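What follows is a pair of complexes built around chain A, which joins chain B in one and chain C in the other.
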Partner chain A sequence: MRNVKQKVLIYSLSLVIIIVCVFPFYWAVVSSLKSGTDLFKVEFIPGNPAWRNYLEIFKEQPFGRNIFNSVVVAVGTVSLALFLAVTASYALGRVAFRGRTALLVTILAVSMFPQVAVLSGMFELIRAMGLYNNLLGLILSYMIITLPFTVWIMTTFMKQLPKEIEEAAIIDGANTWEICTKIFLPLLWPALVTTGLLAFIAAWNEFLFALTFTIEEKARTVPVAIALMTGASEYELPWGKIMAASVVVTLPLITLVLIFQRRIVSGLTAGAVKG
Partner chain B sequence: MAKVIFKDVKKSFGKVEVIHNANLEIEDNEFTVFVGPSGCGKSTMLRLLSGLEDVTSGQIFIGDQDVTKLQPAKRKIAMVFQSYALYPHMTVYENIAFGLRITKYRKDEIHRRVMHAAEILQLNHLLDRQPKQLSGGQRQRVAIGRAIIRDPHVFLFDEPLSNLDASLRVQMRMQIAKLKEELKTTMIYVTHDQTEAMTLADKIVVLKDGNIEQVGKPLELYHHPRNKFVASFIGSPKMNFIEARISKIVGEEVTLDLPHDKNIVLPVSLPQGIKLEAGNTVDIGIRPEHITICDPKKALFTGDVQMVEHLGSEILAYVKIGWGQQVLVRLNGESIVKIGDHLTLCVEPNDCHLFDPKSELSFERHSKR
Partner chain C sequence: MASKFRSDLTKERTRAAWVFMLPTLLVISFVAGWPLLRTIWFSFTDASLSNMSAAQFTAFENFEFLFKDSSWGTAVKNTLYFAVISVALETVLGLVIALVLNSQIKGKGLLRTAVLIPWAIPTIVSAKMWGWMLHDVYGVINDMLIWVGFIQQPIAWAADPKLAMISVILVDVWKTTPFMALLLLAGLQLMPQECFEAARVDGIHPIRVFWRVTLPLLKPAIIVAVIFRSLDAMRVFDLIYVLTGGSSETMSMSVYARQQLFDFQNVGVGSAASTLLFLMIGLFTIIFLLFGGIKGDKIK
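Moving on, here comes the complex of A and B:
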């Protein structure tokens, strides 16, 4: 009897959690299929789905361009951040030098600054470099924000790799670059996927910098574009279209996470048990 | 294929000096074993030679070349690690080939050499496996294969067998002995296991606290240990040390008083620079295998058995012999001994070692062995 009770409890609690997590997204999907006054009716499955919301977001503004921008910025940020993080973590994790711990703590401290605190400074930097209203400016600023986190995580993973493997490679005649790329990188693959995906999501969702550092519609990324969508009059918020856009930009993330799901899990537990 | 020379080598980690002025010559094609308790500096010596650590002062030569400042890869050495250190993401073939790929050998040449190494180590059927699919002994063979393929002038083994279980260890020990015959290369082997040292070595280097205590052939160390440490480290079970009082010294003969009013005359002479006279205490060293049960009239030691260990082929008996001392006796497996038995024990004077208790140096023995 106790067993059955326990199972019922576990499953009903899981159900509650799933509903709380999934319902907002479900509601977004439902709302994206409504237009006009339908929005104010409570319907769990829309009677006549308004697919045109999905078409209109691409017609009335350069939303395709915005998605492309987001992809460029996110991919650029991730590749740049991972490259720098791997090279930095090799130094921080495997080379003994004076002030290494101090440097690591500084990096951690930097990642705790709120974005708003660095916003004005970053704005000046971006302008001075002539990257205002330019995707490169966004890539640079996102990279600065994600780098401390990425470096910190990669350093932890790098430290866990056994020293003998590195020494064996040294004796085999590999130089530092070859050790990094041919020995460490394949072993760090799960960690790379995990940190890379987190950095990707952060860059994909970022709003404040994207709003501040761009002016034209063509240069905007998805979160800004969605926030600045307008309806027919200034008194109408086009919820249907906003929801449709949100669904469109969430799908790539979900796909990515599903593809790399197993990698993430193994990345989060790698090194926990000697294997 | 090369001589190895350590000349006035010192190594410090921070302020702690771990190798104090090591001077050592290893002949071409010699199998040398560095042995000592943990923390004695034997692995550090190997790492200095490999170039993974830099010397603080002094020079290291391989062949005729001064390699002190040379990169590890340019020293023409290969190393086998205790933890195998295989590249986990590569197959056995790739693991063995990696060193040659890095140094840009031709593909067919790499293939030929990998196959040759695999043949020597019987790895042919495992070439496609990944390290995680191999047993400990197989992994160690891959690690050795990775060393062979580089065709090194000097092979370095850093405790290669300590991660294996006992039966596998004996098997791998034989394989390494075979390898030594096949490759005819200078090999240096680090271990804390004196059995490995005794069975494999042409030359043993005993280290303690960063000092070289003695260098010599296995039997030389067994029969003529330079000091008490070497005497106790080489040989298993350990040598017994018994305190005794000098009753007189006449020329090259020392007479000693033993418990229960016995005495013994040993044909030895004092180590250089040591002065001892009648009344001083010295340590007699006797190996457990040299003590026998004999006629009570001839007995040097008598006492009651405190404990007995039956090992099948042999019996180890702990006997209390007076003056609060105990000796370990190694007896034939068929002997009948039990706790509480009174034993009368004999030793040949030729099998006794004498040590100065202060300097721990051994007295020179004038025996046939």
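Moving on, here comes the complex of A and C:
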């Protein structure tokens, strides 16, 4: 009897969790398909779905350009962060040298930095380098949010590789650079996918720097474009279009997460639990 | 001979390690170290946005200004209130979800996928989605609550001073509980199964097992997750900026700092606020590191 009660409890709990997690996104999809006064009626399935909102965000504003910007910034950030993290994590994960613990603690400390703590200094730096309102400026500044955790997670993965491979390579006369790039790198591609995905999501979602270091509408990334979307008047937000834009930028992310969910979960927890 | 080979190898590897670290160290000093030092310097000057290089040293004037400014006091209070309440709720709910995910049920894959959705949605998007759902006139939440009979009149969730912070916390809990649940689930999966087998065989009530076995064993994972989330919650910006804008009822320390920096063009005061937030988070980190019992480096 107790078992049955437990089962009922746990399944109904699961159902509630699923509904609460999924409903807001479902509601965004439903709202994005309504236009005009339909938007102000509460209908759980849109009576006459319309694609107008989706067409308008690309016609009335440079939303296509914003997506392009986000892709460039996220891909640039991921490439640079992974490139730097591979060698750094090899040093931190595989070589016992003096000062390693201090370096690890420093990197962990940087990942705790509130972004706002570097905001005025970063603004000055970016303007001095002529990168204000420029995607390169965003890629550079995103190193502060992505590099520490990329190095941290990659170090965790580096440590898990068996020592014997490395010893055999040393005996065969491979130098440290060859061990890192020719032997470990091919073994680490699952780790690179995981870490790269997390860095991609972080860069894709970043808001504070993107808001502060760009000024023109066509230099904005999608989070800024969505946050600053305005309607005909200041008090009337174009909710239908905002929801359409939200769905457009979220769908690729959800797809990625669904495909790579195991990897993402392992990456998220590798950074925290095993640290 | 062999020992000479070994010590040469160690030397060579140590040198290589530093060379390998160099690019990362350079980038981190360039994008984190330098801007941080400049921000701290600006906090002791009268720098304005239009002319940052002409900043004059003004000692502690900006900090005196902050201590007199009541909206800074409110921002500090709001930030701490937000961090404590949202992390507490996320821990409890995250634990519930982790336990469900760890139990023997059918359709666990579906549940895990659903839980990852709020995590995958950008904060800006979730703030907008909830802003629409919580809309005072056309929001679906008000509609549902009226239909159920909990409320008679629509409520202005994000606009009502008393409810604005609750709305912010609600959205944050929705968005970040999954992260908490995944961290705790990883902790649950690392636990020795024998204890639970033994308890089950002895016929001990599940609730008793939870309090006496699961919770004590899970304590380290909970502590780590709570630390990560608290430090994260203290720098909250995106959600509040988008959901409730610059209203003083929900203004966090980050929102206050950015407002001073760019809306009021007062780089000195804004930097001082940023520096105080940095010090606060630094202080919490040190306290956590000392008393939280995490070991930074456990490499063999």
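Keep in mind that, in the parts below, the second predicted complex is superposed on the first by the 251 of 275 C-alpha atoms of A that agree within 3 Å, B and C clash if a C-alpha of one lies under 4 Å from a C-alpha of the other, contacts with A are read in each partner's own complex, and residues count from 1 in each chain.
We take it that contacts are C-beta pairs under 8 Å (C-beta built on N, C-alpha and C of every residue); 3 or more make two chains touch, one makes a residue touch a chain.
Keep in mind that this is a model prediction, so the values were computed, not measured.
**Student:** For A:Ile45, using the defined touch cut-off, is the partner it touches chain B, chain C, both, or neither? Pick first, second, both or neither.
**Tutor:** neither
**Student:** Which partner does A:Ser14 contact after superposing on A: first (chain B), second (chain C), both, neither?
**Tutor:** Only chain C is touched by A:Ser14; chain B is not.
**Student:** Please work out whether A:Ile170 is in contact with chain B alone, chain C alone, both, or neither, and reply first, second, both or neither.
**Tutor:** Both partners, chain B and chain C.
**Student:** Which partner, once the models are overlaid, touches more of chain A's residues, chain C or chain B?
**Tutor:** Here the partner covering more residues of chain A is C.
**Student:** If you stack the two complexes on chain A, which partner ends up touching A:Val4: first (chain B), second (chain C), both, or neither?
**Tutor:** neither
**Student:** Kindly classify A:Ser246 by the partners it touches after superposition: chain B alone (first), chain C alone (second), both, or neither?
**Tutor:** The answer is second: A:Ser246 touches chain C but not chain B.
**Student:** Quick check on the output: what are the common chain A residues between the chain B footprint and the chain C footprint?
**Tutor:** Touching chain B in the first complex and chain C in the second, residues 170, 275 of chain A appear in both lists.
**Student:** Quick check: in the complex, which residue numbers of chain B touch chain A?
**Tutor:** Residues 50, 52, 72-73, 77-79, 81-89, 98-99, 102-103, 132, 146, 150.
**Student:** Please give the residue numbers of chain A that touch chain B in the complex, ascending.
**Tutor:** Touching chain B: residues 162, 164-165, 167-174, 178, 182-183, 186-187, 275 of chain A.
**Student:** If you look only at chain A, which of its residues touch chain C in the complex?
**Tutor:** Residue list for chain A touching chain C: 6-7, 10-11, 13-14, 17-18, 20-22, 24-25, 27-28, 31, 39-40, 42, 84-85, 87-88, 90-93, 95-98, 100-101, 103-110, 112-125, 140-141, 143-144, 147-148, 151, 159, 170, 175-177, 180, 201, 204-205, 207-208, 212, 222-224, 226-227, 239, 242-243, 246, 249-250, 253-254, 256-258, 261, 264-265, 268-269, 272-273, 275.
**Student:** Once bound in the complex, which stretches of chain C touch chain A?
**Tutor:** Residue positions touching the partner: 9, 12-14, 16-18, 20-21, 23-25, 27-28, 31-32, 34-39, 42, 47, 52, 96-97, 100, 103, 105, 107, 110-130, 132-133, 135, 137-138, 140, 143, 174, 178-179, 182-183, 186-187, 190, 206, 221, 224-225, 228, 231, 234-235, 237-238, 241-242, 253-254, 257-258, 261-262, 267, 270-271, 274-275, 277-278, 281-282, 285, 294, 296-297, 299-300.
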